[in-house]
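Look at the two complexes coming up: chain A is in both, with chain B in one and chain C in the other.
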Partner chain A sequence: MNAKVISIYAADTSGVCSALYELGGMTVVHDASGCNSTYATHDEPRWYDRKSMIYISALTEADAVMGNDSKFIRDVAKAAGELSPKFIAICGSPMPAMTGFDYSAAAEEIERETGLTTFFVDTNGTHSYLQGAEGAFLNIAKLFCREGKEKQANSVNIIGATPLDFSVNTSVSSIKKWLLDNGFSVQSCFAMDSSLDEISTAPQAAVSLVISSDGIAVAKYLFDTYGVPYVVGVPVGKSFSKKLSADLKRAVSEGVCINSCGEKAVENAHMIVAGESVFASSLGAELGAKTVATVGIRNSEVLSGTDIFCEEEAELEKLFSQHKTVIADPLFRPICKVASFVSLPHVAFSGRCFLKDIPDLIDKDVSKKLNL
Partner chain B sequence: MIKLAFYGKGGIGKSTAASNVSAALAQKGLKVMQIGCDPKADSTIFLHGGERIPTVLDLVRKGESFDLEDMVRVGYNGVVCVEAGGPVPGLGCAGRGIIAALEELEKKGAYEKYQPDVVIYDVLGDVVCGGFSMPMRKGYADKVFIITSGESMSVYAAANIAMAVENFKSRGYASLGGFILNKRNVKNEEEKAAELAADFHSSVIAEIDRSELVSEAEDIRKTVMEAFPDSTAAEQYRALADKIAELCGMGEEK
Partner chain C sequence: MIKESGINITKAAFPAPFESGLEYNPPTRGVWNIVHTGMLIPESRQIFVCAQGCLRGVILTAAEMNAMDRMSWVTVSEQDLYDGTMEQDVIDGVRDIINRLEEKPKCVLIFLSCVHLFAGCDFKMIIDELSALFPQVHFIDCYMTPTMRKSISPDSLMRKQLYEPLEKCEKKPKTAAIIGCDRATDEASELVKIINSAGFELLDITKCKTYEEYLSMAESSLNITYIPTAKPSGEELEKRLGTKHLYLPLCYGYDEIEGNYSRLCTQLGVKTPDFSADREAADKALANALEIVENMPIAVDYTALPRPLDFCRLLAEKGFNVKRCYADSFSEEERADFEWLKAHCHDLEILPTVNVKMEFSQCEEKYLAIGQKAAFFCQTDNFVDIVAGGGGYGFEGIKRLAELMAEGAVNKKDRRKVIQHKGWGCESCL
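Showing the complex of A and B:
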């Protein structure tokens, strides 16, 4: 995102930490000491209530300059020996990216030394949280998902759940409840309130529900490898959630993948919804509002022909000025000078600043919830 | 597909050897891709008539979208030529530049599109940082060939490179394919090169005599293989290409 006034989205490293937070692994960010509060507190609302093995390697300038990779490998292996995690994930920051640190080789050496499944997620601190979370989810799927004996009828994988997109309010449990109310069961959830064991059974699901851009790659992997079709959309509002439920049923019976939130045509709308592609597109579908995706997938896998992807502050400001109402994270407000602004906080954009104001819109009357 | 890298002291003749080996392999009917990993961006210049081509990093720097075809020139006998390029001289980080360029090439699907039988990475100078070891990492070159003369500084640089290859053994990086003696006609040159190779339990796989034909060919913007295919120099490069092909198991692959 190119921004002068507004905020920017959380970085790829935060996405990795958030995606793997509850899975019992050890996540190590190769970065200078002092940076862990970025990943672990500013971007992580679970930090004070729930334990997780997230560490920073405390990379020093001397180690970076001298290529002291063995120290990193030794420290990670030693810590893993004491903590016995279910896996080790390593990811990086700008400094090792500049020195060309070889994560793949380091992961192999750590795995050889510890006997624990070790993988790396290609991050350097300059991409969005969605890229990091996507890489983390994909590694988990490839390394831990195994085909079970039989498919579970009407069971659903929820893919793309992190507090960066869904906070720690009741949204994710509401998605699960909504699925149950509509005759489905939950096979797994990548990756909130779901164990690694549950996630390893994802290939047995009848269908996957992608609720964020970071879930598309895993959904495609499960479809290509195990034939599990997927549907894209967040069940926000009463009307769109009804469509999403029907699409899930059709995906199960016909084995097809459906971009539910992208199946809309919104012309001449007076309202804009801005935010992560899948969520904004879903809310746009519910409200008949124009979707302006500001982070995430930018093509027809998620967006419709009338949706827009825009990450330029000046262009966003212009777009906002051409509409009567803008629904977006409060940190977009400074560039919304004409339209009426409706606040919808997003942790990946404003961190913990507006945590208590994030509503649960799942299967609810959205207009009422947002006071439209 | 086999992948190999040429390393050696700056100015020792890596690009000349790489281009002539590329040309020799292409004459045999193999599809060759040569990737210059040097900010000077002149590795492949005599494979396409001396024309400067846009480097991968030039295109990245512009910030506009570009296609694979924009960073590739198909040169002599179908050799696919790529130049990684580098940052503005004196600024940025050339090593990181090599990483970024090779990643970009992979991202654009260069290997899938051109499906080369042989990929040659021509890497500048010594393995001075992580970026310059990139071409010898897993997924890139399988074998490293080190070019040296009998001059002390060249032998010293070659030993450093061989040591780096040795150090990276446990990481599954490229193995040492051997040393190539590019003669400068110094005293005891063969013995010095043989001693160096023995220190690393390797061998001198080919000797290239100093030849005026190299600069004569360059004057007309060609490789020796193209300009003087019947010369002794061309014969030596042909023999080097055959030896490299044999060491990389190319016959087995075909």
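Showing the complex of A and C:
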């Protein structure tokens, strides 16, 4: 894949760090140095204001060539001894992938040395943030979620909240408010403004709301293991949020899983929304527009038959030229020369470039917010 | 409470006072990276070929400096790591990008990454093939190899490759160039004044507006470097183009500064001027600053000035209360200053910037910081916002630093905003 002028999405390692940021653990990326500055500068708007133990191993050429795994294990254990995290997560960049670093063995060794729950997330810097965040969320659910005494009626797990998709504006708190306004309560939020203890009670929820495709694997796990059904969609706009609320109620009463954003009628085929599949698809449903998922993998659980998955710049340029209105991150604008371009910044694509301009579309009049 | 990991200079080892380990990344973004530096070549385009995680940082560096029209990329996928097609993937990707550009660039900087070097990728073959496909384009082999921590740094290597297109040509006898600096050297510095008054034209990549103007830097008969990471550039050009190279390190000891000027004047064939007035002017500026700063504790970091210990020594000699120096390691050039401080400045603490415990460091006292990292760790809005010497040099540079210290001690800056601006002096969309 190549691009002459557009940006690139945040990578799997950033997804791991972002997903685990607020949970009190220590996350270590086995990397030389690029991953930490990239993540901390462009992918993590919380970095300046809120501390989190996110580090790199500072891999050297000698360690890469000689396979000095014991140094990695020793350094992680030493830092954990000094900082006392709640858990340790390790993941990796391209170089350790080439040398065949054994993360599973390293995690076991670190856990034995520190006595702290330690897990690895399978990353190598070549995949998108969605894959990394998905792996991180799934590990947290498997290792920390426990079945409680009883189900909490109408309580909801929000799954897939990271600043990469929802920035640090009011979007996540608006989702919580919207749930409360619709007769629900919040059981947990994977993983913004929720503690590890709150997240561990996720099996007690009546339903899960998946707001990003990186949350689908956890939602499935909670359904398969604890019988918590899930609904996929972001409550953007007035009309789609109403449908989503009804679907959540149906999921609770019937125990079924529903892909709300995949069920839509395309009334405005001249309009296309680009971005992460759940968000873009939800916004597409609100506007009756088509969706093109520009990151991750084609996910049949999210996208409808009329939706498209496309990551290639040249193909996207052609696709955009076939539509009158394109709603996308501003860094897609250079390949959108004909259509009317509606700017909708997405941290996972443009980092902090347009952070101030990211709107909160939750339960709002989207046409008004986006000046459509 | 987690105790930060500073060490008193009397107990510190040289040149590496701290054990290596996991690393933290403080939110100070002023130091230039290889993208900022590469952009100094006028009318060039950069194409990075690496994994998504590595691409993200460099692409957004360009985006933040409003330079996406000069930046392209090719991903290395998981499969590419193992299937033996690395060279062909680079060639195919770069060819496709150039073919899709409306206007062909005059120069393309191709950046390969650690995985390419580890796999033994034949970069020369790639450059040869692409040069044959696009004879009107000059391709430069560039490297984004952060694993190279023990040999030449990516920053130093970038500054070396920055002049790769310069070709051997007839020298202009009255022409000199400053090599490897991110920013223009202060016109008021003695360095620039000596060169100008000797009748030499001074070339500098930071002033080049066109690619042709940049190429004409090959005509220089004397190349000067003064930033340590630029030294290999000067040495390389001396070897390749036969251009005399003078390394006149950016320093703060008065005698060393004069020594540098003496070497420069000898090379230019002019009499070394008397610097008494310049020394006095620097002394006066420092005395004025001291009157304002008084006994306020001072912290200096390694990103502000290439030789932080040298500057700490100057401050201590002139009566300032210098208490902290933030640096993870030191260059050999600073050994004498380290020994002097060890003997004369027993209260000086050396603090790391990447140690994990630094994330939780607290600072009770109100500091005047020299540099962004010092400002961040000392949690002070009273700071001198400067990176890599800021273009200052010699006695005039010291004078300017003293003035900035006086100003910084009195006026607060918006620390959160200032230190997060990526690439000091670069345009920013933030």
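Just so it is clear, the second predicted complex is superposed on the first by the 364 of 372 C-alpha atoms of A that agree within 3 Å, B and C clash if a C-alpha of one lies under 4 Å from a C-alpha of the other, contacts with A are read in each partner's own complex, and residues count from 1 in each chain.
Following the convention adopted for this analysis, contacts are C-beta pairs under 8 Å (C-beta built on N, C-alpha and C of every residue); 3 or more make two chains touch, one makes a residue touch a chain.
Because the structure is predicted, anything quoted here is derived from the model rather than measured.
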Dominant toucher of chain A (residue count), chain B or chain C: C
Which superposed partner A:Y48 touches (first chain B, second chain C, both, neither): second
Chain B versus chain C as contact partner of A:S350, first or second or both or neither: second
Touched partner set for A:P94, first chain B, second chain C, both or neither: second
Which superposed partner A:T13 touches (first chain B, second chain C, both, neither): second
Partner chain(s) touched by A:S104 [first = chain B, second = chain C, both, neither]: first
Touching partner for A:K369 - first (chain B), second (chain C), both, neither: neither
First (chain B), second (chain C), both or neither touched by A:G67: first
Touching both chain B and chain C, residues of chain A: 97-99
Touching residues (chain side chain C, partner chain A) in the complex: 2, 20-25, 27, 29, 50-57, 59-60, 63-64, 68-69, 71-78, 81, 93, 96-97, 100-101, 113-115, 118-119, 144, 146-151, 354, 356-357, 359-360, 416, 420, 422, 429-430
Parts of chain B lying in touch with chain A, wherever the complex brings them together: 93, 95-96, 99, 129-131, 133-134, 137-138, 168, 170-173
Of chain A, residues touching chain C in the complex: 1-14, 28, 31-43, 47-48, 51, 53, 55-62, 64-65, 75-76, 78-79, 82-83, 93-95, 97-99, 124-128, 314, 331, 334, 350-354
Residues of chain A touching chain B in the complex: 67, 97-102, 104-105, 108-109
